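Reviewing the structure listed below.
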C-alpha cells in the first residue's frame, strides 16, 4: 500500500460519506425538534435531478448546486408544514415523497432529457475540485461542526431541542413549537438537497433514476448511530461511506471474484447498516417526542 | 341517522377520493410543465383499461400481485408497525419459484413446490425484520429498506450467475410449462394467479377477523397498553405480522413468476418485480388497510398500470407518471382531515 | 391589613370536550404578597382552576382580572407576560438539559445572564447546581429549578401544584422558608394541595374546593384541621348499601413490605404490607399520586417489584406475568377503562372476550373463533350486568362511560376470579352506574370473593370496605376497621396524619 492508494481510499470514502453526512446532519437538526423525515431518499433524488437540469440548462454547476438547494428547501418546508401544523402522519408523508420522487425523476429524465433511465453530463460541467476533493465535501464537514455548535452551544439550539424532548416545556416558556419544527425541517431538506446535488453534478456526473440507492435510509441509520450529535454524525457517515467503498474495492480482488458473484458485494453497505443498527439498542437515545405531532389540551 | 360504522366508512371513502383527486390534479400540473396534455393522459390511463375487455383483463392481471403486497403492509399497520419490506420479501419469493426452472422433478410437483418455497422464502425474509424489531428494537422502516436492497442484489446475482437463461440473456430460466399457472383468457396476461391472489386476500381477512391470532394483531395495533393488560404478548404479535406479511409478499413473487406470460421468469434488474411492493403500499393506504378497500384500490391502481402503456403511446407521457401520481396521493393521504380542511376552504358552512 | 387583589376570578366554569364538568362557577381572589392555599380532593377542580389562570386551559365561561383589568389568555406565555406562572405537579423540565439550560430556555441571548440568576438564587435562597442534568436530580431540586425559571422571568403570581408531593421533610422545610421570603418580597403564591398539615403551616388564607365549587374561604390563623377536613370531604354519608355480616375466610392476597419505583425512578411504594381475605373488601383510600397506581400495578404484574413479596392463594407471584396471574384467578378492573380496560375501536363482542380470547370456550383447535359462543357470552354479560348497548358489532366507544365500565366489570368477573383488584371503578360515572357497580362489588364479597379496592373517592371507600387503609406518600398511615372509620378520621389520615395522631385529635 503506498500513499497514493491511501489518498485514493480517503477521497473515495470522503465522497461516499458526503451525501450521508449532509442528509444526516440535516435530519439531526430536524429530529432534534421532533420531526422525522423518512423522505430524505426522495428529496435527495429530486434535488439530484434538479441540479443536473439547471446545470445543463445554464452550463453552470453553481446554478446546479443552487437548484439542488432550493428543491431540498422547498420539500423540507412542505414536509415540515404538513407535519408540524397539519399534524400529518410523518412516516406516511415521507413514504409518499419517496414514491413521488421515484416516479417524478424517472419521468423527468425522459421528459426533459429525452433518454430513458439515466443521463450523463460532461465532466466539464461538474463542480470543480480542489486537489481532487470536492468543495461540497469540505463544506459538509464544516456544516456538521456548525450544526453541533448551533444545537449545543446556542440559545436557539436549546429551543430546538426542547421541542423534540418536551414540547410542553418549550410551549410553556413561549417557544413557538410548530414554527421551530417547520424551520428545522426546511434545514433538513436544504442539506439533503445539497447531498442530492453532490450525487449528480459533483461525484457522478450523471443522474440515474435510482441515484439515491438507499442513502436516505442509511442517513437515518447514521442519525441513530450519531446519537443525534452532528460530530458523531461525521464518524458515522465515514463509517457507512467506508462500507460503500469497501464493496467496490472488494469487487476488484481477483480470487474473490471467482468464488462469489460480484453483485453480492453490492449488499455490503446495507448489511453493514443493518448490523450497526442492530447493535445500537440501548446505546442511543432519540429525542423523546420525535415523530409525535404536538397537541395541546 | 346512519349507523356509526357506516358513517365512518363513508367519511373514509370521501377522504380517499379527495386525496386521489388532489394527487391527480397536482400530477396534471407536473404534466403540463413537461409539455403534456393531462386530460388526454388520464383518459388514456383509465378509460381503455376499464372499458375494454382486454383492458379489464390486463387490469385484473396487474392487480394480482399488488393485492398481495398491499396485504404485507396492511397486516403490519394493523399490528402498529410500518412493514415496507414487501419488495424484498417478494423478490425472495420470486427467486424461490424461479429456481424450479433449473430443477427436474415430476411435473405434478412443480406448482405446489414453487408456491411453498416462495412462501417460505418470503416468510424468512420477513421474519428477519421481525426479530430485529422484537428483540433488538430496530426501527422496521430502516431494516426493511435495507433488506429490500440486500434481497435485490442477492436475486440479481443469482439471476446472472446461478440461473441465467441460456437462450435469452435478459432474464433467468423460465419455469417449465408444468410449473406455470393456466391462463384464464388466452392472449392476455390474466392467469389463475388472480384467483390465488383473491384467495390469499380472503384468507387474510379470515385470519385477521376470525381467529385468535388476528384478534391479537388488531388489538395491539389499536391499543398496546390494554392488550398488555389483557395478557397479549406484544412481541409475539410483531413476529406474527412479519411472518404473515412475508408470506403474502412471497406469494406475490410466485404469482409474478408462475403466472406472468410470456417470460415466466425474472428479468434483468428484476424489472418485472421492482416497484410492486410500493404499489402495494399505495393500494393499502388508499384501501384503509382493509381487505375490501384493498380489493377496490388494487383495481384502481391496476387500471392505472394497465393503462400506463397506453398513456405512453397515445399521450406520449412517460409511464413513470403513474408512480408520481401515486406518491402525491400518499402525501395527500398523510394529512388527517384533509376533507375537512378543503371543504372549509371551499364551502365555509357544512 | 387588606391589600390589593392582584388576581380576581369570577364565575369560572370549565367543561372538558368529553363532557366532564370540572368547575361549576368558581370565584377566587388572590391578594398581593400572600400565600393562598387551594385545598381539595381529587377531581375537586383545583388544578383545572389554576391551569386556567396560567393560560394553559381556556375557561368555558367566566372572567379573569389581573390588577383590576380583564384579561384573556390564549397560551401560557400570555400569562407569563403578565407575571403569572405555574409549576406543575410533575415539573415540565427537559430531562436532558442542565438546570441552567432549563431556566434559560426560550430566552434570547441578551436576556441570559448568569450573574442575574446567581443574584436571584441568593435572594430567594433557592440554590441549585446549574450544571447538573435535570433528570439526574431529585424531584425537590427539579422543583426549585422550575420556581427559579418562573422567578427569573419576573413572575409575581407563582402557582405551585402539589409542590410537596415528592419532597422529603427537609426539602419541604426549605421550600416553605423560600415561600415566606417570596411573600415578604411581595410575590403572591397559590399553594395547591390536599395536605392539611402543610396548608395550615404555610398559608395565610385557604380556599377549599369540592366537586367543582367553592366550599369555603378561611383565614388560616382562624381555622383548624377538623374544619378543613369537613369542608374538603363533605357531609357524613349514610351507608346506603346493607352489607351482610360475613365472616372473612383465609387470606387470598398477601403483600409483604412492598417497595416499588415510580416512572421517574423515585420510590412510589415504600414498604406496604396488607392482606385481603375471602369475603372481604379491603379498601385503600388516599388522594391520587401517593403510590396507589404503582401498588396496583405491582400486584397485577404490570410493574416491577423491587423489594418485598406478593403472595396469591399461597403462591409467591412476585413479578409474575399478568397472564399467569389471570390463570390463577386474579382479575383487574383498571382505573382508566379507555386506555387500559378496553380497546375502544374494537367491537363490543371483541372487548367482551379480551383476556379470554384464547380459551377453548371461544376458540377451536385451529385457533378459529367460535362466533356463536362469543355472541352468547356477550349477550349473557349484557343481560346480567344491565348494559345498554346497540348493535353488538359497534365499536366499544359507542357505549357510554357507565356501560363501558359495566362491560369491563362483567368481563373481568366472568373469569370467575378469586381476587378482584378494582382501581377507581366508578370514576367519572353517572349515579346509576356508580350505584350498580358498588352493589355488585358487595354482592361478590358476600359470595366469598376477595376484593382489593383502591379509590380516591372517600364515599366509595367508606360505603364498601370492611377494612380501610389510607395511603400517603407511599406508606399506609394506618389500617382500621370500617366500624371505627369516619370521614373525619380518614380525612385527617389522607392529609398526612397517622392513625394514632388522628385518633388523638378527637377532642378539641
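Order as written gives the chain letters A, B and C; numbering starts at 1 within each chain.
The definition used in the following text is that contacts are C-beta pairs under 8 Å (C-beta built on N, C-alpha and C of every residue); 3 or more make two chains touch, one makes a residue touch a chain.
Per UniProt, the chains are A, B = ABC transporter permease; C = ABC transporter ATP-binding protein.
As the structure is a prediction and not an experimental result, all values here were calculated from the model.
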Give me the two chains with the most inter-chain contact pairs. A-B
If we define chain centres by averaging CA atoms, which chain lands farthest from chain B? Would you check? C
Rounded Å distance, chain A centre to chain C centre (Cα mean): 47
Note: chain B sits from chain A at a C-alpha centroid distance in Å of 27
When you check chain A against every other chain, which residues touch at least two of them? none
Considering the complex alone, what residue numbers of chain A touch chain B? 38, 42, 82, 86-93, 95-104, 106-108, 110-112, 209, 213-214, 217-218, 220-221, 224, 261-264, 266-267, 270-271, 273-274, 277-282
List of chain C residues in touch with chain A within their complex: 17, 56-57, 75-77, 80, 92-97, 101-102, 104-109, 112, 149, 153
Which of the residues in chain B come into contact with chain C in the complex? 3-5, 210-213, 215-216, 218-219, 222-223, 225-231
Applying the document's contact rule, which stretches of chain B touch chain A when the two form their complex? 30, 34-36, 82, 84, 132, 136-139, 141-143, 145-147, 149-150, 153-154, 156-158, 160-162, 275, 278, 281-282, 285, 317-318, 320-336, 341
Using the touch definition up top, name the residues of chain A that touch chain C in the complex. 154-155, 158-159, 161-162, 165-166, 168-175, 288, 297
